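Two complexes follow with subunit A in common, the first pairing it with subunit B and the second with subunit C.
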Partner chain A sequence: MRIRLILRRLSFLIMVIWAASTITFFIPRMSDRNPIRERFAELARTGGFSAGDLEKVVASYNKKFGLDKPLLEQYTDYIGSVATLDLGVSLNRFPKTVMEIITDSLPWTIALLFVSSILSFILGNLLGAVAAWPKSPSWLRSIATPFVLFMGIPPVLLAIFLLFLLAFKLKLFPLGQAYSTGIAPDWSFSFFLDVCWHQILPAVSLILGSVGGWVLSMRGMGVTIQGEDYVNFAEHKGLQGGTIFRDYYLRNALLPQVTGFALALGSIITSGAVVEGLYALPGLGSKLSQAIQSNDFLVIYGIVLFITMSVATLMVLVEFLYPLLDPRIKQD
Partner chain B sequence: MTTLTSPYAPPIQPSRWKLIRGYLRRNKSLLVGLLILLFLILFTLTGLYIVDPKHAFPLSVRSKQPPGILDFGMENWPGKLPLGSDFFGRDMYAAMVRGLWQTALIGVLAGAAGTLIGVILGFTSAYFGGLFDTIVKGICQILTPIPVFMIQIIIASSLDKRDVTIYTMAGIVVMLAWMGPTLVIRSQVLSMKERQFVSVAKLSGVGNAGIIFGEIMPNLLPFIAAAFVSQVFNGVFSSFYLAIVGLGPLREPLLGNLIWGAQSQGAFFNGWWWWPIWPALAMVLILSSLALINMGMDELANPRIRKTE
Partner chain C sequence: MSAILQVRDLQVSYYTDLGRATALNRVNLDLQAGEKLGLVGESGSGKSTMALAMMRMIKAPGRIESGSVDIDGVDLMKLTDEEMRLARLSRIAYIPQGAMNSLNPVLRIGAQMMDAIHAHVPDMPKEAMIQRAKDSLESVDLKRNVFDMYPHELSGGMKQRVCIAIGILLKPKVIIADEPTSALDVVTQRQVMETIDRVQKEIGTAVILIGHDMGLMAQFVDKVAVMYAGRLTEVSAVRDMFTSPMHPYAQALIKSLPNLKNKGVFSGIPGLAPSLLRIPSGCAFHPRCTQAMESCKTIVPEVKDHSGRLVACHLYTEGA
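For the complex of A and B:
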């Protein structure tokens, strides 16, 4: 039954989200740090108000956020609000909710990560398939090797070297930021070009850091497929090389590669967040590191939970794609 | 009566050292990885001997000085500030030496602890099975889709920043890193306990302890060693990411902390390129050496892909 499988995956998804939100609820409460007290103590130090009122203010805010209730009640409230995607408010930019901060920065992150990870997936799989294919010209095969060398290096380190070489030394690219200072964001084409110009280095560092992995796994897969009888048979039937390459190599290696993509989602988002921080792009990653630096706890927990939920959801969604990619899987 | 002599000379067993050298010549990635590691160890050890450890901390030398490596005959050479100094007045050479030493410490601590937990959990759950196995497998499955780094951020940010030391960093990394080795060891034990040599041992009346330590453990050693190397890689990598978003021990010149400081002070905008470049270079060397060693160990552990002469 197809429905039963969907229900099983969905209940697994709910389990994962529940586990993640339980972790984000209990871990901060195990430490003796109180975000609200710390925030107001900081304000008191900088002369916001007299320190004598501190406890009173903290108590009233604890009441407002429901932090004076018993732990179990807080927990059920929290799970309820997570279920409705209510992630609380920012302590630093008070009336702004965490969800608003996320929706402001999400388009930047999606644009960068979507483009770079799809490009890297396509490029890596093509290069890997070409490298494994005995009939491809040798210069084409050797292209893949340098990418494999970058494999173990996290994109953020590549980003530092790219910044140094291309932006700092050669001055070909900007040194970070999402668009040139002095330009007001609008929907014009020139602004779009400016943004693209600033996204090239972050995208290239993310792509360089991940292409090698796809090349290696695709090459391995290609070598295995080569020995298969159906490939020999297709060759003896006299099929065109291109047809064999497309319909026998790529098609059969696609499913495991897509599974690999789903498994890599977590590290794609993680390295994307760190690279965004390095280039000071206005995406989720920068918001996260800003929140960490300014002790804006609800924003930290909110963004972490949001990223975790999206990764888990995307993983399950990719699994639903399988029957489309491989008709042999009918999901029963 | 004549004594019979064998027409064949006894086979000459090559010395152990020669065998190792021969193997390393075939296993290039292990060799290169070990050489890079050796270079890093030598850099750190000579550095620990040369530098003044106080210079790894802020306000110890003149700040914002460019590296003096190429600066022959200038006031920076010899030995004053070969790698330059940063905005806070740390001697980059001293900071790098201390940072490398501490990064290695975090990696080895986290790697050892993670592997130990993984071996114990994977072993017990696979060997004894039952409810415990179901629970361990279930936890691993539920935690797999959750990006580990995000949970590490939660843990690290709920600690008081002044309390964070390199030992807490190692602890945070270990808390979420045991799943990998657990699953690897578990699957190996599952396949191994069905093999004939275990059945033979069981039928000959060898007890559980004898089978675990006498029969299975020796065969597991290559996998445990490979798991240890990848755990060290994991530890270095995760602690680096935590430090680079500002969750490292703030007083220490951990490699990630140096880059975080450089980035938050706009090092490239201000022209202080050496500040982020040295730690980034060191990190690349550490990670690629560990990755190469890991690849080499894979070959050692998996006889199918092992090359023969």
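For the complex of A and C:
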């Protein structure tokens, strides 16, 4: 039974990846821009290449990358290489492979997005739960309000504002980059501290932008749960307030929030990409926007595919973890 | 014999936007150890408010305005919040209408019993707590392994039994069972009532059974108290109540019950229960009462003892 479920989920995962890769394949091809022509045109502008034989050169590179073949054949080639996890090479930054670009930038993205979204989830849900709990002190409840206000501001604007105020004007924080210039990356503690120091502003802008959403949804959940009979009965049993809050109220109110977290993964990555770009962090998001600007479609395919795969995998993972949180959901 | 439970002058009001609604109006009630009292009345007559007030669980905008609830010589109204928390379940326990939703869906039954014991006797060894919880399950006719189950794995009747098992964990002096059998089918209703009856005899507590089901009351309680618009109208032994109710409202209530002699004939009580925001002057029942007199419209009848039966009606005071 268990194995059949896993197989069913895996085949679903493959379907999602296939759909995503098909969509990402066709969208850049709808434009008549050619990454090779753009690259050489750029080189020609800066004088590194004479523009005379541009079309000839482009044609020969098109042939080399298989871009001259019929679209359908390119598509089957592409699906075949995706299936073997060969994501190809960057058209723009040849001979760097797409896989290399992803593995270089992935740790930065994981560090920033993972830490900030977990912190935001914990902070937002605690504040929301406290805000809805009738017995919490009023000063504690009012903390939640400013976070809800921030929710209306997109993380990008917050990022620009924080960058301008705290880094540019007040010079309290570094102006972007992943670590100080002049330091060679190594595994020392001082380098680690330097990196953390650079991640504070991007992390704060991501957290401030998303915490309000968790506060609001958790407060709504909390109002519903505190009216449940089992919360009342817990009080009739003479339990301590803390036990009721933790085991009866919070545990139950959190269940839909965990689903919400899985659903939010996609948007976390998109807003993360923009903030990464703003702070010039070498993460997946900024690589993706660079690739989109130069229509470097093999890199676009690779990164989008990778993000799709990770979000889909994480969602399946959450689904498998869910029965641990809610015993009513049994998987067999 | 002194009463184990003495409620005196208990008054509860809800302060709503439309005004003050007095849901419980100077109620007095005595209960002996081991006695079973049925509390009946229409919806909104104050039965549940009475139960919540005794547990000191009235939530805003409600307020307990006056009165005392003495259990075994301790006035619950004078306890601090922490003392009251400890009194819940150990002195006075509340069994909710638990068939559907009174158990936490994410915790095992055992955990929901252990936390209750732990909240009152924190230094009790874990093994003893498990033992106590499993014994309690057994005494309500559940298997010991229910301890390891989740609420969704139990039927409605089993969940209700779990609620009873929780209620008797600390052998309270008084148990209030608030409509413990609604939402159960009649066969399960009877089994649950028999369980309450048996554990009540075992631990010798007094039970207040709240409900509308007169038939069920007739079979299980010793005394019946009829409430109307936040006041007690009559408290009589169950046999007297069903054969010769004294208060006109109690009479109408008993008459409205379907019976085998005249099948298919139902006699309701004309009129509607009054809004608690505008309780009629004098006796609250006078606008619907067929035997109302002039004095009923102005003077609130006192609860008087008529050879062991407590009745609040001018019919009996005028004539006496």
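Assume the second predicted complex is superposed on the first by the 279 of 332 C-alpha atoms of A that agree within 3 Å, B and C clash if a C-alpha of one lies under 4 Å from a C-alpha of the other, contacts with A are read in each partner's own complex, and residues count from 1 in each chain.
The criterion applied here is as follows: a residue touches a chain if its C-beta (ideal position, glycine included) is under 8 Å from a C-beta of that chain, and two chains touch if they have at least 3 such contacts.
Since we're looking at a predicted model, the values are computed, not measured.
Student: For the three-chain model obtained by superposing on subunit A, do subunit B and subunit C clash or fit?
Tutor: In the arrangement built by aligning on subunit A, the partners subunit C and subunit B fit side by side.
Student: Hey, is it subunit B or subunit C that touches more of subunit A?
Tutor: Of subunit B and subunit C, B contacts more residues of subunit A.
Student: Determine, under the contact definition given at the top, whether A:A264 touches first (subunit B), second (subunit C), both, or neither.
Tutor: In the superposition, A:A264 contacts neither subunit B nor subunit C.
Student: Between subunit B and subunit C, what opening angle does the Cα centre of subunit A see in the overlaid model, nearest 10 degrees?
Tutor: Rounded to the nearest ten degrees, it is 80.
Student: After the superposition on A, what does A:I110 contact: first (subunit B), second (subunit C), both or neither?
Tutor: In the superposed model, A:I110 contacts neither subunit B nor subunit C.
Student: After superposition on the shared chain, which partner residues are touched by A:Q240: those of subunit B (first), subunit C (second), both, or neither?
Tutor: Touch partner of A:Q240: subunit C, not subunit B.
Student: In the superposed arrangement, which partner chain does A:V57 touch: subunit B (first), subunit C (second), both, or neither?
Tutor: neither
Student: Please work out how little space separates the C-alpha atoms of subunit B and subunit C at their nearest point after superposition, in whole Å.
Tutor: When the complexes share the chain A frame, the smallest subunit B-subunit C C-alpha distance is 11 Å.
Student: Quick check on my understanding: which residues of subunit A belong to both its subunit B contact set and its subunit C contact set?
Tutor: Residues common to the subunit A contacts of subunit C and of subunit B do not exist here, since the sets are disjoint.
Student: Which stretch or stretches of subunit A touch subunit B in the complex?
Tutor: 15-16, 19-20, 23-24, 27-28, 30-31, 33, 151-154, 156-157, 160-161, 163-164, 167-168, 175-176, 266-267, 269-270, 273-274, 277-278, 288-289, 292-293, 297, 300-301, 304, 307-308, 311-312, 315
Student: Would you pull the subunit C residues touching subunit A in the complex into a rising list?
Tutor: Listed in rising order, the residues are 55, 57, 85-90, 93-94, 96-98, 100-108, 111, 115-116, 119-120, 150, 152, 163, 166.
Student: For the complex, give me every residue of subunit B touching subunit A.
Tutor: Listed in rising order, the residues are 142-143, 145-151, 153-155, 157-160, 237, 240-241, 244-247, 259, 263-264, 268-269, 271, 273, 276-277, 280, 283-284, 287-288, 290-292.
Student: List the residues on subunit A that touch subunit C in their complex, please.
Tutor: Residue list for subunit A touching subunit C: 228-230, 232-240, 243, 247-248, 251-252, 255, 325-328.
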